[in-house]
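Below are two complexes that have chain A in common, paired first with chain B and then with chain C.
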Partner chain A sequence: MDTLHLLDTFNLLPFAELEVGHHLYWHLGNLKVHGQVFITSWFVIAVLILASLAATRSIQRIPTGMQNLMEYALEFIRDLARTQIGEKEYRAWVPFVGTLLLFIFLSNWSGALIPWRIIKLPEGELAAPTSDINTTVAFALLTSLAYFYAGFKKKGLGYFGNYVQPEPIMLPFKIIEDFTKPLSLSFRLFGNILADELVVAVLVLLVPLFVPLPVMVLGLFTSAIQALIFATLASAYIGEAMEDHGHEGEGHEEHS
Partner chain B sequence: MDPIVAAASVLAAALAVGLASIGPGIGQGNAAAQAVEGIARQPEAEGKIRGTLLLSLAFMEALTIYGLVVALVLLFANPFA
Partner chain C sequence: MQWTIFLAAETAKEGGLFDLDATLPLMALQFLLLVVVLNVVFYKPLSKAIDDRSEYIRVNQSEAQERLTKAETLAKQYEQQLVESRRKSQAIIATAQADATKLASQKLMEAQQEAQVQREQAQRELDQQKQHALRSLEEQVDSLSNQILEKLLGQVPG
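Up next is the complex of A and B:
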């Protein structure tokens, strides 16, 4: 019983609470939406828009400050898309991949870096938008749509030829793959981010000071890697959908 | 919640994470060993090897995370409660 009382006193500390599965519900018509996800997403969107505005307000030939940072980000995204999608087609997909990468990256880091707990909600708590499964499923389905669109736009109905390449026996696996791709994309991101936040929360519950710091730093690192992986996989799927099987030996060199 | 369901859920959650971490653990060990070998053989390729290693480690990590997701569902959003 004593240990239980100890846990109770920990729960009285303002920053050491574990809340999973409690949400701030907003009612839109017949829909119940998770309000806390919207609030944090809007915050991330606002940060991204402000950063873009600040970077492009007065463009210099020799970039400094914000412009320099955003140009670095753009070059990074362009390289990523080029290695995965290929030299010829990547340009049209830079905005999509870049939006995914920047939004997921900022969401993950906002959950880890910004002390959302200071803001009290009537129910639930503010956290990274990507630690809610709805956000990540939305991203994954968008990626699915994007690669179907890319394939159909490039090859028309010939896209279905992909399903019987290189052997017709692959057909069932290729069809299953279309379902497992969004499933694994969404679960990977959601699980990683939620796991980060839970591990930090549990450690803060046990030892409130200093001890959770290394785990927090590790969380920052894995969050950044997860954003990179999501963008890399999305562009790899898009590149795969547009791959040209007609000319053998041409499509495979762009996979890094 | 029915106490038997609760006990089974807790056990299942522990097993989900524990079993799901075996395979990726072996895989990550193999990958890291090969990467170290590669770096020892070709120290000038260290940067490239490190990048690829981190990316593939994160992929393997994801398998454990699937187990963790199942465990979290069992603990916090149990469909049989």
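Up next is the complex of A and C:
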């Protein structure tokens, strides 16, 4: 898929242009990587680390400023992990789930709020790291690994018992689920963020002033929701993998 | 921006939306590194801060609760003591009053008895004197009647 040829005609306008599927390739040995993804992700990582350092520079009993904000974020993450994974096991998973949430959230919002396109690249353009399929697939696969790891660590080989719960007839569906989980995770995030950026870009292309604003606000909303969904589902999968089947009748978290 | 130093831009022969390449594992690695780094600079210290704070609040609250119960027991104790001393004072007053009345009635009775005794004595003396008087009167009557009789009899023979 190259540029959207349909829109080439609009490129006469000086305001904006659309580029989809163009990447800035860096070569590492004989590997190729998407440079624009890494540039924005480094920005997001830098923001996260700087914010953390600012928050923990001098920890007070009565928090103020940055510490307050980051503690709010951390409490939110802990609540999320606790409700999805359970009181006993959630603490070990807070860093993973929390970093997923924070990184995806900041990526999405940086894509929505920061006019990356002002910075010209030789090829491709800067955008939210989450609008690249590599990023989302990476996170989704990490989530899969995480829940397998959680399940095997908790139950050993007994984890395979999950596949025949509550009925052995569930076995094929459960196996399929292992593939659909990362697939749906990655494509949901990728699709939402890319679609949002495209909608905004197309609207800016057509009507440069004011009209795209509501869509941009909606984009902020979707971006936040997508980050929350990704983190919630990841922790739900982890919680599900560690769930005890000793007592029946507990509802499973279904993915949306 | 001097990115071009690092960049080797390539004509986008390949590419497209679903272009999976080495970005994927590198991003995963980078993410795991971020998890580790954030665990050190963010999750651990702030979790500790939050836990310490809730522990501090919990301890303080339980201490305050303890002090409150202690104060309440003390207040109750004082109240009980107050009630007891009030009851004691009332009892003292009551005994004193009872003693006083008993003493008064005793004294009254004694006085009455004494008065009775004295009256009886006086009565007895009176009776004695009356009898004495009556007897002497009788004697006088006797002697007088004798004298009269003698006089009468003496004249007759004489």
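To be clear about the criterion, the second predicted complex is superposed on the first by the 232 of 256 C-alpha atoms of A that agree within 3 Å, B and C clash if a C-alpha of one lies under 4 Å from a C-alpha of the other, contacts with A are read in each partner's own complex, and residues count from 1 in each chain.
Note that a contact is a pair of C-beta atoms (placed from the backbone, for glycine too) under 8 Å apart; a residue touches a chain by one contact, two chains touch by 3 or more.
This is a predicted model, so every value here is computed, not measured.
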Original post:
Put the two structures on top of each other at chain A: do chain B and chain C fit, or clash?
Top reply: fit
Original post:
By residue count, is chain A touched more by chain B or by chain C?
Top reply: C
Original post:
Is A:220 contacted by the first partner chain B, the second partner chain C, both or neither?
Top reply: neither
Original post:
With the two structures laid over each other on chain A, which partner does A:55 touch: chain B (first), chain C (second), both, or neither?
Top reply: second
Original post:
Which holds for A:71: it touches chain B only (first), chain C only (second), both, or neither?
Top reply: second
Original post:
With the two structures laid over each other on chain A, which partner does A:199 touch: chain B (first), chain C (second), both, or neither?
Top reply: neither
Original post:
Does chain B (first) or chain C (second) touch A:113, or do both, or does neither?
Top reply: neither
**OP:** Classify the contacts of A:24 with the two partner chains as first (chain B alone), second (chain C alone), both, or neither.
**Re:** second
**OP:** In the superposition described above, what is the shortest C-alpha distance between chain B and chain C in Å? Please give a whole number.
**Re:** 5
Original post:
Looking at chain A, which of its residues have contacts with both chain B and chain C?
Top reply: 20-21, 194
**OP:** Using the touch rule from the top, collect the residues of chain B that touch chain A in their complex.
**Re:** 54-55, 58-59, 61-62, 65-66, 68-69, 72, 75-77
Subject >> Contact footprint of chain A on chain C as seen in their complex >> reply: 1, 3-4, 6-10, 12, 15-28, 30-32, 34-35, 37-39, 41-43, 45-47, 49-50, 52-53, 56
Subject >> Touching residues on chain A, where the partner in the complex is chain B >> reply: 20-21, 184, 187-188, 190-192, 194-195, 198, 222, 225-226, 228-229, 232
Original post:
What part of chain A is in contact with chain C in the complex they form?
Top reply: 1-2, 20-28, 31-35, 37-39, 41, 45, 48-49, 52-53, 55-56, 59, 61, 63, 67, 70-71, 74-75, 78, 91, 94-96, 98-99, 102-103, 119-124, 129, 132-135, 137-139, 141-142, 194
